[in-house]
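Common to both upcoming complexes is chain A, partnered first by chain B, then by chain C.
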Partner chain A sequence: MGINSPLTQNLMPNKTFFWFFLPTGLAMILFIGLPIISTGIQSFYAQHDQVVKEVKKCDPFGCTVSIVVDNEETTKLREAKPLGKFNGFGTYVDRNHLAIDEIKKFWNETESFGGFVDQVTNLPFYKALIFTLTYCLFVTPNVLLLGFIIALSLNAVARKIRGPLIFGTILPMIVTPLVGSLVLFWMIDSQGIIGANIQNLMNDPYLSLKSSKTLTWITIIIYGIWHHSPFAFVVFYAALQTVPQEPVEAAIIDGASRFQRIKHIVLPHIYPVVTFVALISLMDNFRVFEPIIGFSAEGSAQSLSWLIYDNLVNEEVILFGSAAATSMMTIVGIAILLAPVLIRTWKEFKTAR
Partner chain B sequence: MRKILVTLLFLLFGTSAFADCNIKSGSINILANDFPALRTFVETSKQCKGSADFKVTHSSEHNKIAVPALTANPSEFSARIAANSSIVPLMNQDLIRPLDDLVNKYGEGIQDSQLITIDGKVMAVAFMANTQHLYYREDVLKDLGIAVPKTYEEVVAASEKIRASGKMQYPYAAAYKAGWNLAEEFVNMFIGHGGEFFKAGGAQPNINNAKGVATLNMLKKLSELSNPDYLTHDSEAIKVEWESGNVALMTLWASRSGTLLDDEGDPNITKATKLTGPATVGGGNIPAATLWWDGFTLAKNRSDADAEATFRALAHAASNKKMVADAADQAVWLVEGFVPGPKSIGVIEAVKMGAKPYPMLPQMGLMHGALGSEIVEFLQGKESAEQALKDVEAAYISKAKEQGFL
Partner chain C sequence: MDYGLDRKSTSLKTFNTIFIIVWLLIACFPFIWTFWGSFKVRADFFSRSDWWYAISAFNTLIETGGKFTTDAYTQAWTEGEFWKASKNTIIVTVFVVSISLFLGTLGAYALSRSTERYAFWILIAALIFRAMPHITLVSGYLFPFFQLQIWGILPTTIVVLVAINQPFTLWLLYSFFKTVPKELDESALIDGCSYFQAFRHIIMPVMWPGVITAGLFSLMLAYNDFTVTALLLNQENHTMVPKIQSYLGTNQHEGNLMWAVSAVVSATAPLFMLVMFFQRQVISGLTAGAVKG
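Here is the complex of A and B:
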């Protein structure tokens, strides 16, 4: 016991850790915690009932009698309750979000399970969720795989040409997502270099990558892999530099193939880094947004982040409650998605001690 | 209606319309959309700035900035150039000030027909009119012996004929980009069918009916004659399609005719590009188009001195005969002294045919937003017209409830 007791072992580092972490912690509360809390509160409120009145409106094209918002009355309401009308989980369960009532109705009304799924995926939130998840599930593993392959290959080329090659490889990450997606968007236009060639190749002059939903999804996913792979590559490449040479050399002498060396020595060594990259890219991919704007793909692909954007700016009436509710659900979504990886890391951390 | 005809068709004999430009103080900061006519307008008002500060932001993203920027106190902008639709959120949030006092004091050259009055108060001063109307390629139609279409049914027939002739694969174009543009096309076509968006006297939606279905079916027919990428095409994109000679019939904003008919691009195409009024649809007699005005509004959360300086500068442009004479090609000006040229024909025809203005209702923005995203799947052939309209209404109702309209 004595100096090695768990108590003394933990107490000092914890205290040091606390002071070390305090500034970061405060900044995180201020810039991340409080905004999330405020968004959370916002999501439980809806606008006051609009007080409207009939008035005469005249413009260069003539006069009509129609309605306007009665500002005097509205101001009174707003001053009494600045946050708006308390709505509880009303916004969360409405048709544009979780749509609980609609789903119950579909369940009772539709005869086949397929029909039910069709109806549900026609709802805006589920439509966006499906695209977001599809994007995550296709992009993340491919980014890991491609990043790892590139890192391995670059690690094997002669040192002299490595510098320029690395620069070329991380270019997709340097290019701003919006610009990158716009460039690709023009290239896949039916008169663009890729679009026209695909038409020739398929011998179908009516083929358009932008008009079909499936092809748009594929394009955005390919773009996502292209854009995110350099990040995985950079981290993997750095990790590869730390792989000890002795076991690798020993394995070569034992006659292990390149594949066996990677599987049994390199991969276990960089495993924590793989988890890290997987976590970060899952989080990034769940927030997919720019390519949808860049590809003008709003018609075929909507993500959760795009829904928030749509509520905030795409309409002349700003829907704060809707945007806040979708934001909160995005946070929950990320937490659920990351849970398995986090739990696993935590378990490993415990057993390592 | 008659007022605009008077404005457009006759030369009015007025007194000299130059505003007094002796502005001594205040600061002017204008938020405006970005197209040539608005740039001309703002430049003209700048001539009058005197010793006031003068700043302007031209942005096609103006709708996204306007409400937050004017909500701040003091507001970032002292004036916002708005239109029928974009004045509504400003009114809903009580962000613009009545202009009666300023009009009385400094509004000499401004005609009564330019004043946008709501509940007896002047809330904006309009200076140009706009609409979407048909453009056609005279050479192509002549070669195939097709008469200039007057209805969308004729547009469909003409486009099919052009396609069959092998001249063009996608002879029709309109801004069908998912979102605001597509919704605007629906609004036009629905009004052309005689539809009303809301049940009388309330905010309950009223589009899931035979008129709505007919509207969607016509949009679908037209989309099938358009470039397959139509869901990504905005006004600028179809303008490019036109200038590349891929299109023979097009529905486009009147305010774009200036750049469409300028010296850039293939002179043969420019020469053969002709303008005509908007088409009607489904046997209706009013055009499937909406009339728009562009005008200026002043921010409420700004000092009186700034409001005064801003109003005087903008009123100078809104009553400037020289500007409307020099820039007669850029827009259909509502300003005294404007002589309509060949490029104004679309708007003038629309007014003559009795086109309706875009509905200036507090909840219209929500309907427009719901339309822009929910009718896409119908055009892609993934759901029925009835289902799409049901979705629009459901999406609208949720939003309207959250916003307190229902």
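Here is the complex of A and C:
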């Protein structure tokens, strides 16, 4: 800080800060903070069961008692208690979420460990969790790598033609994931240009994206890399512009190879940016959901976000409780992902003081 | 890096050129192909017998008598009510961008000028909010919105999108405000301006590049959003992206898949033009927070 006037010490008084920050703070508390709390509350409730009544039906051959749904009573109950019935942690441990009972059962009944893992990974929540993690695990490092290579490569071409090249490069990033995945899907579909040609090449008219789970996963992962690499590229490209020239020139004089220069001068310089990109990309990949709809891949690939979406668009009755429970567990997942960064920031903040 | 000393070998240059061409092909071809295909009939763009039909326009010639047809566009915009969806998108985008910028500049200015401990924690909280998957927030909105009977209408969606957008806008504008020297507003304060006057007359005029960048990102978020608009708007008020998805759901109907194709092109073209125009701002925005580390 250049000048040590009392003003620079603490430029803005608390009261002024409050009024400046109030509108945005209110918006965030009302529409990000409260919804998280609302999700938390909803996760402890489950939708009402349908009210049933016994109906006695008599005909010349005797009387039968059958059980039918009492629609009137059900509607009344739903209107009286719209949140549903209190369920505690019931939703969290049911078959569609953590499935504690099922896992216990599998553990006791299955002979081999492999069989146990197979059965557990077929439970909806674990299936979605595994897809989400696989997606993050494959997409994030490849995005960093491809983005870095593109940045290095574009940085080496003449300045005059860089503008249009950069525009072409960032196109996959600026379209919404739904549109991006649709555009690719229409090409690799069995009736699209790439899909049809692969069928001809392999001489297998039944080969298609939907026919294999592995193929679907690979496609979505490739889509993820295609969509996110431009972001990594842009940040790395900007960072490359700030690499100091003197050490690079000294290294060239000393006879360092291109690879050595990148490894020992460029990479250490842009390291903070790499962590930034990795973090943002991890956060975005963890919420993967739209490509599953774009590729119509619901059958073989489900993510955590997709599970929530599926509960919320349920036809008969919206499964608020179930969606909320998955949401809460997704938030826990995000917290685990963010924890190392937050701890590091906090330590830096403490030492800075 | 244009190093005077750094002479690249010809083979490396060739390799680099080939790599860039291949990458650009991967990045751009899908869009070019979709644009091309949107002027064909479905039997050509999604040909069961021969993908070459998409280029030779075999069925398009039979069905419409020309090599190109704009049927998909006219049908989607009229019968498919895409005009309504684009009208809604324009309303949502305009309001989200202006409200976001208004709230964001005030808040970010305050954050950048406060040296108190809480300013740091607010930024961290904003980072955590930024990480929340939108669908988890939506699952929190739906129930209260149904109860309050504000579900399905455009204003609700606008407010929600503004709020979801705030964390990123705050971080972005914060890093821009940090680059404006504090001495500038200090001198205004000494001259007897209030904080708001200093903000309005001294700081904002030099902040336009940052405001444009933040505005572009708000615009892209509002324009591209699917999660919030698909679940918080009723059929009547759907914006473009959920509308495109609704065309997919009914693709038993012969024409509807081509509606989706033409709708995708209609929705993407303005965005591409905008980004072409503001490319510099987009890139400076993406890197604003990052380059400082």
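As a working rule, the second predicted complex is superposed on the first by the 268 of 353 C-alpha atoms of A that agree within 3 Å, B and C clash if a C-alpha of one lies under 4 Å from a C-alpha of the other, contacts with A are read in each partner's own complex, and residues count from 1 in each chain.
Keep this in mind: contacts are C-beta pairs under 8 Å (C-beta built on N, C-alpha and C of every residue); 3 or more make two chains touch, one makes a residue touch a chain.
As the structure is a computational prediction, the values presented were derived from the model and not from experiment.
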Discussion item. If we overlay the two complexes on their shared chain A, which of chain B and chain C does A:I318 touch? Say first, second, both or neither.
Written reply: both
Discussion item. Between chain B and chain C, whom does A:G88 touch in the aligned arrangement: first, second, both, or neither?
Written reply: neither
Worksheet item: Touch check for A:F286: first (chain B), second (chain C), both, or neither?
Response: second
Practice prompt. Return first, second, both or neither, reflecting whether A:P141 touches chain B, chain C, both chains, or no partner chain.
Written response: neither
Worksheet item: Where does A:P124 make contact in the superposed view: on chain B (first), on chain C (second), on both, or on neither?
Response: first
Worksheet item: Which partner does A:A239 contact after superposing on A: first (chain B), second (chain C), both, neither?
Response: second
Item to complete: Between chain B and chain C, pick out the one touching the greater number of residues of chain A.
Response: C
Discussion item. A:S300 in the overlay: touching chain B, chain C, both, or neither? Say first, second, both or neither.
Written reply: first
Worksheet item: Touch check for A:D189: first (chain B), second (chain C), both, or neither?
Response: both
Discussion item. From the superposed pair, tell me which chain A residues show up as contacts to chain B and also as contacts to chain C.
Written reply: 189, 296, 313, 318
Discussion item. For a test of understanding, state which residues of chain A touch chain B in their complex under the given definition.
Written reply: 46-50, 52-53, 55-62, 66-69, 71, 74-75, 85, 87, 90-91, 94-96, 102, 122, 124, 189-190, 205-206, 208, 210-211, 213, 295-300, 302, 310, 313-319, 321-322
Practice prompt. Spell out the part of chain B that touches chain A in their complex, as residue ranges.
Written response: 1-4, 7, 63-64, 67, 84-86, 88-89, 91-92, 94, 113-120, 126, 129, 169, 177-180, 182, 227-232, 291, 293, 334, 351, 356-357, 359-363, 365-366, 368-369, 372-373, 376-377, 380, 382-383, 387, 391, 394-395, 397-399, 401-405
Worksheet item: Taking the complex as given, what residues does chain C use to touch chain A?
Response: 1-6, 8, 12-13, 16-17, 19-20, 23-24, 26-28, 30-31, 33-34, 37, 45-48, 50-51, 54, 102-104, 106-107, 109-111, 113-116, 119-120, 122, 124-144, 146-147, 159-160, 162-164, 166-167, 170, 182-183, 185-186, 189-190, 195, 199, 220, 223-227, 231, 241, 244-245, 248, 260-261, 264, 267-268, 271-272, 275-276, 279, 282-284, 286-287, 289-291, 293
Worksheet item: What residues on chain A touch chain C, complex-wise?
Response: 2-3, 5, 7-12, 14, 16-17, 20-21, 23-25, 27-28, 30-39, 42, 82-83, 149-150, 153-157, 159, 163, 165-172, 174-179, 182-184, 186-187, 189, 191-193, 196-197, 226, 230-231, 234-235, 237-240, 242-243, 245, 248-249, 252-253, 258, 272-273, 276-277, 283, 286-287, 289-290, 293, 296, 304-305, 308-309, 311-313, 318, 320, 323-324, 327-328, 330-331, 334, 337-338, 342, 345, 349
